[in-house]
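Paired with chain B in one complex and with chain C in the other, chain A is shared by the two complexes that follow.
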Partner chain A sequence: MADAAEVLASEAKIGGISRTLGAQILVGIAVVLTILHYVGLLPEALFRLPETMVPPFAVWLDVIFNFVKDDLGLLALTRFLTEGLQWLLDVTANLLFGKRRWPNIGPIPWTAVAAVAGVIGYHLGGWRMAFLGAGTFIWTALIGQWKIAMETMSVLVVAAPLAFFIGLGLGILAWKKPWFNRAIKPVLSVLQTLPFFTYLLPAVIFFKVGPTAGAVATTIYAIPPMILMTTLGLQKVSPEVVEAGNMSGCTKWQLLRHVYLPSARTEILVGVNQVIMLCLAMVVLTAFIGMPGLGAKLLAMMGSFKLGRSFEIGVTIVLLAVMLDRMSKAWVVKQPEHFEKGTPWWKRNQTLVLAVGAFVFFLLVSKVIPEAQTLGRKQNFSQGKELDNLIKGFLNIDIVKATTGFLRAFVNVQILIPFRNFLLSIPTPAFILLVTAFALYLGGRKQAIYALIFFCLVALSGWWDRSVITLYSVISAVAIAMLIGLPLGIWAARTEKWSKRILLVCDTAQTFPSFVYLIPAIMLFGITDIAVIFSILIFAMVPLTRYTIEGLRTVPLEMTEAADMAGATRMQKLMKVQLPLALPTMAVGFNQAIMFAFFMVIIAAFIGTQDLGQELQRTLAGTDLGKNFVLGICVSLMALTFDLTILKWSSDRKQALGLGD
Partner chain B sequence: MNKFTTALSAGVVALMPLASFAEDSSDPIVIPIHNWSSQIVMSHVVGQIFESMGNNVEFVTTDSQAVYESVRLGDVTLELEVWEGAFGASFRAALEKGGLHDAGDHDAVTREDWWYPMWTKDACPGLPSWEALNDCAAVFATAETGDKGRYLDGPVDWLKHGQERVEALGMDFVVVNAGSAAALWAEIGAAEADKKPVVVFNWTPNFAEAVWPGEFVEFPEWVDGCDKDPKVGPNPDALYDCGNPAKGYLKKAAWDGMKDKWPAAYDVLTKISFTNPQIAEMAKFVDVDEMEPEEAAAEWLEQNPEVWQGWTGS
Partner chain C sequence: MTSDTVISCKNVWKIFGADPEGYLAKMPAGRSFDEIRADGYIAGVKDVSIEVSRGEMLVIMGLSGSGKSTLVRCFSRLHEITGGTIEVEGQDIMSLSEKELIDLRRNKMGMVFQSFGLLPHRTVLDNVAFPLEMRGQDKHERRARAMEVVKLVGLEGREDYFPRELSGGQQQRVGIARSLAIEPDIWFLDEPFSALDPLIRREMQDEFLRLQDLLGKTIVFITHDFDEALRLADRIAIMKDGAVEQCDTPDQIVLNPATEYVRKFTEEIDKARVVHAGVLAKSDVTASGEPVEATATVQELARLLVQDTRDSIPVTRDGNVIGGMNRAEALEILLEAG
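Our next item is the complex of A and B:
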């Protein structure tokens, strides 16, 4: 492993200096600067950028926004679009939960929805999927959350298809026109790292507070992977298929519709899956800008300290997410069916017939039995109070209290706080050099230049201290996540059974609304850095564990067999063969962990932090679009630096190891 | 198909239109709801009163600070709970920009200040005086604060000036800011189990009174100018050396266009006035009795017809 790193490092010389040496020089300068600061010899201007030198980015941005918004009439345009969107949302709202708008025929009975979900589930993946589909909706109704769940769904059924079509369109465009692809790539990278608070404010200003803004923010958040997957899928279409299309005399449109898109089906459906998952991830966050439903209820429940009820809402969101995820994945795997000529239409469209049949049946049943139409809160099986007591009881066990007390006294006071103060004591230029050195060592010259520019911009934004605190939370959380997540992944990867179980846990942890465990985190650790890091940790551990398992389980069998034949012990096999080969994949997981941590650190503002998230949260209350944007870009730039560097390193390693991409 | 539409909610059905005011627009009156129970129930109570007058009503969930911008633009028609302490600044800012106006006060008064749950008194019997609190500062110490006591203030954007008061009065306390109301409740909830003494930021009326009985710390009484003139208050050199006003206002705000578009509803809005016990009762229906807000509102209207029928004149 060390050999490969040396080979790589020596390959990339910069003007005769190896990357390692270059990085060492940069670190050296940084250390000197820091020591100078400690002994008091460093001029103040070199420690932190003087306030007077900070350009008023926020003011400039505000001027530009106002110009685009009012003078160019963008607001008038978006408000016009809002009308259309509102109409669409009203229709779904009427159908799903009976809002009094055209067409005034809803709400659809819950039994009918559950039955249709069951039929679709059966079609896609047999009885298990049917059970999951129908079961999710039955749970939702019985627990007394039907109406709020449908409020959420009424927005998602508009936002997800919107994201799909826009993403598909832009993806096709990016595939046809290379210049567009080049232009859109950086935009997508920024979009994917931009904190969600930055999406929310413009959505409110341009699309009116309420479900419309929620739908727009959700759509924008979900588009990027759809574009990327579409382009990827279309690029992979083999020339032979296209040739066949051309020979049968297809027009351009027919070629796209009947040749390219079906051939790229798998990638496009993976994109669909991503769209759905991202839409669900926004359910709670969009509640801040007036999205009704599960998220709003969750926030209200947390506002009155109802742990049990908010936990139940969390479970509903996870169930919805897991159901939609498994169903869309089953759809990816399922190949289109082909029938012999002359098969009657009802046989060809069996699922459709069944679904319509079940739907009509329950529609009629609900006319007779009111419980089949709607279940009020009074008939539900919610265990809110019992769960409350359970959670409080757990937090009150002596061992739990002793452990958290120790963690708080030791880890927080002895490790975390000193580490934060140390990071804050590093002069700005030295800090930038350190990051540049890191990028140079792992990535290369190009990555180093990006890191330098990005962090200089962060320094210029005037939010340096808060950025460093944000980075501190991210680094600490990811470091601890590695200590726990990697061994867990390595252990789970040893057997198929445990791999599957742990991966399911990962899925759950990822879709469970993070807000719900903020409260137990506070109850365990108080409002301290530890609570913040704990809540990020859960989220950051997911990709680390997942990619470790996937990396280890995809190590080519010949390699492990060779190691066995050479008489390696299990430990040797792991350290010398499996881990080095899995490392590039694990690096992708590491990268995602950092991205997730940047995402979560902003949410942790609700515990109480002093970082960028806190300021961002503050801008939500006002109309400070400029400041909101500057803060968002700061987070994005820091995240991008890591993203670019680690992904470059990972792909370099893969090539060096001959694993292909 | 009428069956579907009427199944909207039991509360609405119970209060089907009594009389139609010809002059009110049939467009829905948009009422904002936030994330605390009393406001949600009050909004539904008022919404159902409007519906009983034949108006269409719609609810939208919004941020409690950003809502004033939406009222100003007419996206949202009114706001029923404008707290002097918490939202006074946002309200005044929107008032200056124009588009909304003050639609009168509730009877209810609001108070926001340092607060402690009753069990804290066992560890620090001299309470509620602030001097006594300061004398037992060590009781409130945590791993991070060393010898000093820890005071959990509201989120920084609520601008509660806890830090300034600690300095102005020379108190042995470290101020920590919570990130959200939920974070404050979590701290109290965690302390409840073993009756650990805590002092946190809190306000009334809210649901916490029903769950955790407690008291406000008595600081030097609020004098006008305490936040602007250092000479006011016990410390002649510092601002914020007083407690917060013990009787803050609770206002209603309305979009300027409401008066012309829904004159009858607007007229009722200006008459609406709830008292502290009424607000507490509304919160209790949801927080303690676990009702849904719509049901709680219907229940409240049923139990208190004498209160609200005077406003509608029916």
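Our next item is the complex of A and C:
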């Protein structure tokens, strides 16, 4: 504690100037610059970087890519890899939805898939999970989305294991070799903030359009957390267990195989959960590069404003996400149980026997009853049109119409647009100084330098205005999300019951692929600026609420009891004890909200925004690899600035408060 | 070194820090623990020379951070030592190749850990069979042997349980069984009972003494509990700041503490319960009358010491008189404790 305080105190003073004063000076300069601009005294070159001074990063990157692609023969390599991947995807495609490829035995009847999912669900989590597993597939089949859902799944079942094995391998390497770990850490943090569009285009260029590129982008996207979780798990293995392994005479390989990996089981399985969820989120988004499946259908339906069908597809995606998440999480906590001596074989392997039994049974049934094999076009229970009318009817009710109309008009005209114009009116150097001041004040000198470099790079990229608009969407959405999310979290944290309920909602909502969040936004506000903000808003509210609850609930009991005994009112207790102690945790939530917002703002480009996302989306149509990367890195740099600063502040604060990690 | 010396270590150093070897090479002699720490290094083991004989139970004791666990890990080369030599059965273990080291551990050494170090995903039987599996014994054979040891530690009927389904005492029984599965000659126990409740600890100590009677292994036992040390040890080595302060029999440690630190350590101990008649017997003192057994403690002889009127009492070991015990001296020990 004393050490931490000293560190903080010594860091506070840099070159005789305290952090606060330094930040104030920077803000002062920025204000002066802005005022100068307003009164027209600022030279144009200081307001925005002149076009001529923008280095052609995109061209340079293109040159590098072309060199790597053609001269180094990377393209040949990737096309070669494509063959293997293509073969795998063809196999799963044949099995799941009967694409005419080897082994030509599919499609597997939907009843069989649902039954096996039910058995696995029962094994992992009892009847409720069994209903969830079987129910999801039954819903998918009955609503008439079996084929597109299976198109999505066929990529998922290839990409997820691939990401798992690559991530596991790299994770082990990073744990074994410190130099590799040091090299890979910054790459991973950039990868995790890189907008998904940046993954898509290289995938398309290096691997063919369609499922293959989709699978590659999905795999790469899901690898980073697997690496992190593997390394974390291996590092956490108790030294005594390792020593016990050594004393048992393990060779290095035996030690890894029999001691380290099984002992890191929990973390590795959490990694599996994350891999599956990220894969699902990404595989839906690969619709943008022409990957058929749920995402493509949703994109098409939203594009033609068929809200009922969009809604149904949204439900399918959400069900799939919740099912995969719950099941893999149940797998994490499932511990092996012992059997009494003399338990027969079939009882020890009950799940396997049941699953195979159910599978064969429905396979045979589907030979007799064709409906059990596939449901035809006219046999499903889709209520798309009816729902459409219902939704449109609801939106046409006067009160609803008035409310959304008011929000659209008032918020947009009175708040959002003026705010955007204000941000755009700040001269570039002033803007950079403001961000630097923010990083200096919260993080410290190192964070300030990063912020300065990162935002200078963004300015140099030549996409300043669009970057500012991106930032504007993020800031306004997160600000509104805070206005709603924080009070909600504070209120929920008051009772155990509601904390649990809201946390459950947040957990569930967090598993939804981000794409789904567009549906209610478009439903309510149509294709407008405010729909963008709204979709980011609900997406960003989830981590805010969640971490607020967690922060408040984990305030040590003695402290709140001490406050009670000191005669604090509920408000005093909240303001003086609970919030200050919960703030570091809440900051983590705030940070995540910003990251989510950056992510969502790019997806929302689909609705038609004017920010980087839209430019990014445009690059997908062509082969503008360089530009695609420049745009992606702009987003990443801005996100990283916030990430570094806020997390540093949070950990500093935790240390100062003696809250541990 | 006699042929019966199993572990012999000479001037062993284990230093933690950025460049331990380089530091040790140019470190001036006689540097204290605190001076070394001021230089940015930690002396885990500081110039230790100690020998363990065959069939002996050496108890290493000291407070936490005194280096006892580090020292025992040097014996099995779980830690690489910085300086000095360690010989196990006459072989310098620092010169072993990785393969030879693995062979040594697979065939000669067993170790029990404070928090058990069990593999969570394996059943009791599979945990116990683990060292056998590592050396490639076939499944049938290793299960049969594991079952034997599981019975030996009294866990029969639990062999299909997973570690988390067992109590702490039972888990440590699994740890003990595992360390015995390969029939090691040398048995290391690193505070095996510290994580257990006092009652269970007592029970496990009894169990351990029973096993040792049965097996007669060479044992290095670590503890921070002096009572436990006195109960089990043939010899006790007391460590402080990485160095051995004194290594002797329990009697000598309480009677003649070598340093102030050891004296303080033994202050609270009821000496009468530790000191044996055999230690007090002097061969140049002749005594007559009814003799006492050398293995009896002063406390056990209390009544006799108080009521008897002789100046010295003869002491016998295995039926032969080994000398006379000064009654006043023995009484002094008895009263000091009271």
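Assume the second predicted complex is superposed on the first by the 611 of 661 C-alpha atoms of A that agree within 3 Å, B and C clash if a C-alpha of one lies under 4 Å from a C-alpha of the other, contacts with A are read in each partner's own complex, and residues count from 1 in each chain.
We take it that a contact is a pair of C-beta atoms (placed from the backbone, for glycine too) under 8 Å apart; a residue touches a chain by one contact, two chains touch by 3 or more.
Just so it is clear, the structure is predicted and the values come from calculations on it, not from any experiment.
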Which of chain B and chain C A:Lys367 touches, first, second, both or neither: first
Which of chain B and chain C A:Ala300 touches, first, second, both or neither: first
Superposition-derived comparison: chain B or chain C, residues of chain A touched: B
Touched partner set for A:Ile105, first chain B, second chain C, both or neither: first
Contacts of A:His258 with chain B and chain C, given as first, second, both or neither: second
Which of chain B and chain C A:Ile399 touches, first, second, both or neither: neither
Residues of chain A defined as touching chain B within the complex: 98, 100, 104-107, 204, 208-211, 287-292, 296, 299-300, 302-306, 367, 373-374, 376-377, 384-385, 392, 395-396, 401, 405, 408-409, 412-413, 417, 518-520, 522-524, 526-528, 604-609, 614, 617-618, 620-623
Touching residues (chain side chain C, partner chain A) in the complex: 73, 76, 78, 102-103, 105-107, 109-111, 113-123, 130-131, 133-135, 160-162, 164-165, 175, 178-179, 188
Chain A - residues contacting chain C, complex: 238, 240-241, 243-251, 254, 258-259, 262-263, 265, 335-341
Interface residues, chain B side, partner chain A - complex: 1, 3-5, 7-8, 10, 35-37, 40, 56, 59-63, 65-67, 69-70, 75-76, 90, 142-144, 152, 155-157, 176-183, 185-187, 189-190, 193-194, 207-208, 211, 286-287, 290-292, 295
